[in-house]
Amino acid sequence: MKAKNLIVSFSVLMIAWLLLNWTLDPLIVAIGIGLSLLISVLFCSKCTVFEGIKLGPKAFAYTFVYILVFIRELIKANMDVTKRVLTPGLNIEPGIVKIKTNLKSKMARLILANSITLTPGTFTIHVEGEYFYIHWISTEAVDIEEATQKIANTFENILKELYE
Amino acid sequence: MNNLDWIIYLAIGIILIAMSLNLIRFFKGPSVVDKVVAFDVISLSGLVLIGTVAVLTNRVIYIDVAIVYGLLSFIGVIVVAKYLQKGL
Amino acid sequence: MDIFKLIGAIMLLGGSLSLLVAAIGMLKMPDVYNRVQVATKASTFGAIFSFLGLAIIKFEHWFTGENWLGRVIILIIFIYITNPVSSHVLMRAAYFMRFPLSKLTKTDVLRDDTNSNLLKEPKNE
Amino acid sequence: MLKNILIALVLIGFGVIFYDLFMVYEAKTELTDLAHYYAKNGANEIGGANLVTSIVVTYRGFDTLGEVTILFVAASIISFFLKLKEDEEEKVIGSKDTTELLVTASQVLVPLIFLFGVYVFMNGHLTPGGGFQGGSIIATGVALMIMANPNFKINTQIIHWIESISGVAFVFAGVLGVLLGGGFLDNTFKGLGVGEFGTLFSAGVIPIIYSFVGLKVGAEISNILNKYQKSQKSI
């Protein structure tokens, strides 16, 4: 598990270095390899962020699925916000509800919370164990099961394929 | 090439209007959190302005400036939130 | 190449309109929580969309010369990670400082759970 | 109502001030004699695309050495005056103190911030960055780590090692300039050349010197942050 952590962290840093420099000059690539190795050994020899990540063609494909779904939800969210803001009068019904998630991996939970924050009408306000507290601008369901079904299920199913 | 620049200038005008509307909330905001959120949105708009200026003047290095500015605004918001909660 | 400039400029315009929506939402919404909610969604979308537009305007530099695309991708990933997190931290601080919720609020599960000590309190010694 | 009018007046005042600034502003086009010399010969002599870097590191290298020393003295004095309590007890963190999301995000972001800081000070001669800026960015990453996790401990030993080694290496590079080049902190060693203009490996030893400056500044500011955090805990 530790080696996997190091490999993932190293490749993330290396990709960032190549994106910043945008060249394949061997000297720059060599400096990037050394630097990424140093930083990932310094920071990620004990870190638990990338634990439980799945590597392989299936996970790679699901990354694209996630990005597409996320973009669709982001655009939907902004149509929703624009409609709420530009129609006269306040047609909101805010409330704080609780949802339950089964995800264990830290990174998956961060991505889930960010996705909930950026999708229509919902906002992660507090995280406590397996429960997420959501501020919902138009409360449609108070029950845990129903709220989970409505808010988190699309992303959770995709993230389950990416992390275990 | 220059005939499409007016769209970019229009976008700059809209962003400036958005920034001044946020400034109203910044001065008026009943609570301190309102002010911090207004500041956050203003800095994000400023980020887009920096990017637009980078395109207009053809200088790619301004995008680096935008990255550093975004980092600073993120850290600033977190510092204020921590301070509000219990004192750093 | 002109078509790319047109697409990029229109995307930039859309992003700036989204930022304007965020500003109007800040003025219109009744309490802190709804303001943060609206402003975060609209401004994050506006910034990401505008930067994509700026990268597309510079399409001819993507593979030669100056590095526009790489830096813009880094910036977009950075905004995607940081902006929801900073708003989340701020809104949490507001909630635990007991800023009042708007009168329209229907339900507040978190308040009930906090009162019944379901949440872990830090131990004071 | 009065408050709203006041707000409007303040906004209009800002508008007037900035309008004046914007319209009256006129760029200076004439260069002074010294600036003329730098602009004319800087690129050829030093080989850096960012002329400011050439001036800071080479023409006014002593000045930079002094600035680094000032920062070092400031860090020492701060750690001297703060009352530190060296108890290593772990605070119990409730879920109200810090959020899990911020901890996760900081664990992802801090390595990226460090990488970006190194990028900034290695490209100091090409972009508007440099040693001091890169070091400050690295220290920002340390500040983020401290804020996300109250129990976070920095290994002070490593920081002191990095600081001393990079300080010594900076002076050593300057002395090498006396031996191989034309004087203290001269960047063009004989037989090494200045490299191709505008690439990462140009401008002689400027990237190397700036890397040392960046490491030293980052270590010093991280040290100050660390000391402040320790003195906070003891209250």
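As written, the chain order gives the labels A, B, C and D, with residue 1 at the start of each chain.
One rule holds in what follows: contacts are C-beta pairs under 8 Å (C-beta built on N, C-alpha and C of every residue); 3 or more make two chains touch, one makes a residue touch a chain.
Computed from a predicted model, the values in this text were never measured in an experiment.
Colleague: So if I look at the partners of chain A and the partners of chain C, which chains show up in both lists?
Modeller: Touching chain A as well as chain C, we find D.
Colleague: Out of curiosity, which chains are bumping into both chain B and chain D?
Modeller: C
Colleague: Between A-D and C-D, which chain pair is linked by more C-beta pairs in contact?
Modeller: A-D
Colleague: What whole-Å value do you get for the distance between chain A and chain D if each is reduced to the mean of its CA atoms?
Modeller: One centre to the other, that is 31 Å.
Colleague: Once you find the CA centre of chain C and the CA centre of chain D, what distance in Å lies between them?
Modeller: Computed value for the inter-centroid distance: 29 Å.
Colleague: When the centre of a chain is set as the mean of its C-alpha atoms, what distance in Å lies between chain A and chain B?
Modeller: Centre separation, chain A to chain B: 24 Å.
Colleague: Report the inter-centroid distance (CA atoms only) between chain B and chain C in whole Å.
Modeller: 12
Colleague: For chain D, give me the residues that contact two or more of the other chains.
Modeller: 95, 97, 99, 101-102, 105, 108, 112, 116, in rising order.
Colleague: Please set out, as single numbers or ranges, the residues of chain C touching at least two other chains.
Modeller: 24, 36, 44, 67, 71, 74, 78, 81-82, 85, 87-89, 91-92, 96, 119-120
Colleague: What residues in chain A touch two or more of the other chains?
Modeller: 16, 20-21, 110, 113, 124, 126, 128
Colleague: Mind giving me all the chain pairs that touch?
Modeller: After working through each pair, the chains in contact turn out to be A-C, A-D, B-C, B-D, C-D.
Colleague: Quick one: which bits of chain C touch chain B in the complex? Just the residue numbers, please.
Modeller: 2, 5-6, 9-10, 12-13, 15-17, 19-20, 22-24, 26-27, 32, 35-36, 39, 43-44, 46-47, 50-51, 54, 57-58, 61, 66-68, 71-72, 74-75, 78-79, 82-83, 86-87, 89-94, 96-97, 99
Colleague: Would you mind writing out the residues of chain C in touch with chain D in their complex?
Modeller: Result: residues 78, 81-82, 85, 88-89, 92, 96, 119-123 of chain C touch chain D.
Colleague: Give the list of chain D residues in touch with chain A in this complex.
Modeller: Residue positions touching the partner: 95, 99-101, 104-105, 107-108, 110-112, 114-116, 118-119, 122, 200-201.
Colleague: Chain D touches which residues of chain B in the complex?
Modeller: Interface residues on chain B, with respect to chain D: 20, 23-24, 27-28, 61, 64-65, 67-68, 71-72, 75, 78-79, 82, 86, 88.
Colleague: Going by the contact rule at the top, pick out the chain D residues touching chain C in the complex.
Modeller: 92-97, 99, 101-102, 105, 108-109, 112
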